[in-house]
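Heads up: the structure comes next, in structure tokens.
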Amino acid sequence: MQTLGLALMGTGRMAHVYGPKIGAHPGLRLEVIYNPRMSSATKAAEQYGGRAMDDLDAVLADPAVDAVVIATPTDTHVDYIEAAARAGKPIYCEKPLDQSLERVDRAMSALHAYPVPFMLGFNRRFDPDNAALRDAVTRGEVGRLNMLMSWSREPSPPPIEYVCVSGGYFVDAAIHDIDLLCWIAGERPAEVMAAGSCMFDDRIGAEGDFDMTMTTLKMPSGALLHINNSRACAYGFDQRLEAFGDKGMVQTLNHRDDNLVRWNKARTVAREPLKHFFLERFDQSFYNALDEFHQAVTEDRAPSATAQDGRAALAIALACAQSANTGTAVEPNYGCTAGC
Amino acid sequence: MQTLGLALMGTGRMAHVYGPKIGAHPGLRLEVIYNPRMSSATKAAEQYGGRAMDDLDAVLADPAVDAVVIATPTDTHVDYIEAAARAGKPIYCEKPLDQSLERVDRAMSALHAYPVPFMLGFNRRFDPDNAALRDAVTRGEVGRLNMLMSWSREPSPPPIEYVCVSGGYFVDAAIHDIDLLCWIAGERPAEVMAAGSCMFDDRIGAEGDFDMTMTTLKMPSGALLHINNSRACAYGFDQRLEAFGDKGMVQTLNHRDDNLVRWNKARTVAREPLKHFFLERFDQSFYNALDEFHQAVTEDRAPSATAQDGRAALAIALACAQSANTGTAVEPNYGCTAGC
Amino acid sequence: MQTLGLALMGTGRMAHVYGPKIGAHPGLRLEVIYNPRMSSATKAAEQYGGRAMDDLDAVLADPAVDAVVIATPTDTHVDYIEAAARAGKPIYCEKPLDQSLERVDRAMSALHAYPVPFMLGFNRRFDPDNAALRDAVTRGEVGRLNMLMSWSREPSPPPIEYVCVSGGYFVDAAIHDIDLLCWIAGERPAEVMAAGSCMFDDRIGAEGDFDMTMTTLKMPSGALLHINNSRACAYGFDQRLEAFGDKGMVQTLNHRDDNLVRWNKARTVAREPLKHFFLERFDQSFYNALDEFHQAVTEDRAPSATAQDGRAALAIALACAQSANTGTAVEPNYGCTAGC
Amino acid sequence: MQTLGLALMGTGRMAHVYGPKIGAHPGLRLEVIYNPRMSSATKAAEQYGGRAMDDLDAVLADPAVDAVVIATPTDTHVDYIEAAARAGKPIYCEKPLDQSLERVDRAMSALHAYPVPFMLGFNRRFDPDNAALRDAVTRGEVGRLNMLMSWSREPSPPPIEYVCVSGGYFVDAAIHDIDLLCWIAGERPAEVMAAGSCMFDDRIGAEGDFDMTMTTLKMPSGALLHINNSRACAYGFDQRLEAFGDKGMVQTLNHRDDNLVRWNKARTVAREPLKHFFLERFDQSFYNALDEFHQAVTEDRAPSATAQDGRAALAIALACAQSANTGTAVEPNYGCTAGC
């Protein structure tokens, strides 16, 4: 197995997800951990291995760095993409690309000019159950796909400080469901209609954002898609998919910590609570996403989650936000100025 | 138990549903079966009992007729309501009241002028599982209601002739889900957004109708409701509800013909197919609805499914149709000209 | 439909089960309620209809009595069977026939001498789910039947007074499972092995009885059967079957009061508690058993649950008790002295 | 983490299970693969790493070998245990210890004389679901344990050659269930009653063995245990546990390859087939068992699955075989001649 030396860019929450996964993958080697503040880089390197570095040019010039994993704050993704592309390094970038289509198009231009392998971290595609449902749909198990539904209900709202810089609920969270459903359906919506409310945390509403949305995607084939998002969920992280076609339906079930069934006086046939949140529920998917990146780079082919996918998901999310605010159906802006 | 003598108006499909249910209810007596064509009335009377009659005035003047059950074609409901109200007879009327708000308002005026007990046949409220879910919501099991979802997927499209006179998919079928969800939520939508497609029977699309829709209802409380309708469903009559609140979620399960679980080579843990269609799935609810009518009339109180409920559901269904055709959010027209 | 006038013999617990079921069946008419104490008969007749009588000969001579339903204390069953058989009346008798094989053989002799239609009230055969499982087995869904298992766990032990006269746990309760499994398997055990404990109510153990047993039936075909009995069950009346063959397995599920699924913080995916006890769980089966009796008598054919079945079940239950007490495999005594 | 250098004794089926698990464990190092035939050792070493050796004394004298994993044919286990104990090497031994109590007692004597850490490979204890059920029982979730049941139905009979040397079905396979249930119950049976048949492969019966058994264990506390074994199972590897106490019941569910639910025309709500066999179903448990061995040795404590447990499970299995052949309850021979 060919080994790739990686530079992990960033030392925040997502870097802490990727650090151990890189360590566990036999084909990946954590060569460098980068943060412009050396103290943060050093601390992370002590935890996950690799050399701490704070000089971007030195990282990208380092011959032991075969590729970069960008897990920095969202608004710096495009800058790092441009720099790494120019340096000819294959790039794995945490989603979203950015919160603005303009800046995303800058990244697209860079990737057009310096065509390095690029993969966007849409990890949920790499979840075994989500992938199995897509396989079932692709194999024709449900016949022609007529409806597709996705639920993502998070256990509790994030800190209000996070909400303020998140780009809004659609761009921050629904973008996962958007990408997943388009990937399963094999097409992108012609039009979206969305409705939002704020019922869990008033401060989110005061920011002009929603904590609960229902979105309808109208696909060119006629298929109708529903996305069900909530920033709070009393019973855990509710993650379900339902694909309905003229030959039947396939659903994914939620995950639990054990497979026990409990029968007792108060309420019979009870199961364990759901997995708590995305780190628990989608743990495996981060590993699998890195594995896809490793395979694609070592096999010299394009990774399966592209920058174009990321741009389209963002365009759809922004259209959803506009629809939720105006009460009209909105066409997503798919016209990438970089010609993608 | 006080017995009510009933005149069953009509001899079509729904009359064949109500005939046997009246016979099985110890407090109801099928006194008269009415059809303007005597031959049809006679044939039905031979099957279900009662005297065949073809003279409306004679039926309404008959002292043995304590109340009427209107199961005639939809576009005649209002005429029979007016006549029966004027004659002072309590009325049970199959849904919908009519396909036009103008004609419904005529019925409302008649019921205002002649205030007889009136019940609309929204039978699904009287299904034990639907009622149990509403009880759970009302008891606060899910806390504050945030989301409410209803699936109604029919096994196969009706004959195109039926579709042509049905008033459109929203008015004909979604109206059940609309009434059920408003009844559970305890409020009516401020605004609706709907999307429709035609993917199962092109002739339905050629009529300007849909055979598959997704509808979002935005409620004054902020709650968001989803209605999922399909004219076809390979695995039977899919009927589910999901109520989601800040304390949890309650769902209803589909019904089957037996409680066996089958484990075999091809696919393990299989269950019986779903109930075929509404006659099988909601069989009990028709009996229970007649029972509510019987109780209300004999206890001298208003039945629980009112004409106002019927008018509101129609107004919402028409708003859904408009939204699906225009791509904008639409406010239902709740302004009953009869002052209801 | 030919109507049968019935004399209901007895006014105890089981008579209160049969009274309303007879009233609800369109082909049965409760003609007489008999108890040697007139006051008891009168009270029951006021509740369920029919004429109260305390003179056995008069009941059996009454021309309006087409058949008798014996629901008296177990140790009087044989006497009433003899009397009714001699009088030429078709007999429906609550299980068990008796607690001793000697007395059962007396009943068999009477039925041999006076061959009236006779049906034993093994109501669980007439439960729709149990019957559906047998149908599945008979149709060959599981292939050759290799294993068959039955669980009957009651919510709480009966009063100790009842236990003292019950004939022991095997004869009183396991006899239901024994009959059901032999009926499904289509054969009777060559040998039984049983083990018992007393863990719920020490007074039961002090009577030399068990409140918890596991029984193995070894069938002539080689099939192995397991019966799992408990006098107590915290989560309701646990009633399950499992049929395992070389092509697969079929199980029956427990019943609940509703079809809701509840997701909440404490324990997610909870269902309603099980049905409380046999009156709730097997309610329909008593009606269906009377219906089989009505059909058999009016169609002039033998009812499907025979006296022979009752004798065999008792012989097996007694063998189980002996095995549990001696620790050896025991062959049931199938040698009916009446030549059955 | 302290690393242990291991000698893997044997290159057969179980060695192929342990080889990759050792490689995946960060605290274990596959130092040596031993087989008296050098060619076999070399081939396995090429596959899993480590040095190939064919000289037992050299292996046990090798300073890089900190412990041995015995995965040789069952009838050689005792010899290797004696040799490794004498050499002072900690021992992990695949189950069963041996097929005869006499030879097991020889191993017990050796371990008594040379008290090295010793762990028996009862891997099913280390399955997360089995462990979670035991935890639930130990925490008192079901109250006092009254009944405990285990199903182990294998997908298809092993080759007849294997059956001939397996020591019989109880010693070869039921021994897993026996150990698991005693471990959960926290006690060993006072008496066993077993019944067996041969219905899947006549050649197994011709060997005097069974391919289908039902076993009852009577525990000193009064608890009754049931073990349900079959050498064939059309729907996969059926592995279930059910613990029943005075406060409720806990069950484990079978595992599948995905979490999809499929609704289709033929049979609705279908799930993936079960895991194929023990390698798939208990894959994780082998890793966890090695992890327990690693932890115990490096923490200088006794591993949790002891030689005594292995001797007791064998004594129970032999008693089951005797009971199935004689039809009487049998007390297991717990009297270890080595004083254990």
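Things worth noting here:
The letters A, B, C and D name the chains in turn, as written, and every chain counts its residues from 1.
By our rule, contacts are C-beta pairs under 8 Å (C-beta built on N, C-alpha and C of every residue); 3 or more make two chains touch, one makes a residue touch a chain.
Computed from a predicted model, the values in this text were never measured in an experiment.
A count of contacting C-beta pairs for A-D and for C-D identifies C-D as the more extensively joined pair.
Seen from the Cα centre of chain D, the chain whose own Cα centre is farthest off is B. One inter-chain figure worth recording: chain B and chain D are separated by 60 Å, centre to centre, where each centre is the mean of the chain's CA atoms. Centre-to-centre spacing of chain C and chain D amounts to 43 Å, using the average Cα coordinate of each chain.
Residues of chain A found to touch two or more other chains are 234-235, 238, 247-249, 262-265.
Chain A contributes residues 128-129, 132-133, 136, 141, 247-253, 255, 258-265 to its touches with chain D in the complex.
Chain C meets chain D in the complex at residues 143-144, 146-147, 149, 153, 191, 193, 195-200, 212-214, 216, 218, 222-224, 226, 228, 230, 232-235, 238, 244-249, 327-329. Listed in rising order, the residues of chain D touching chain B in the complex are 234-236, 238, 256, 262-274.
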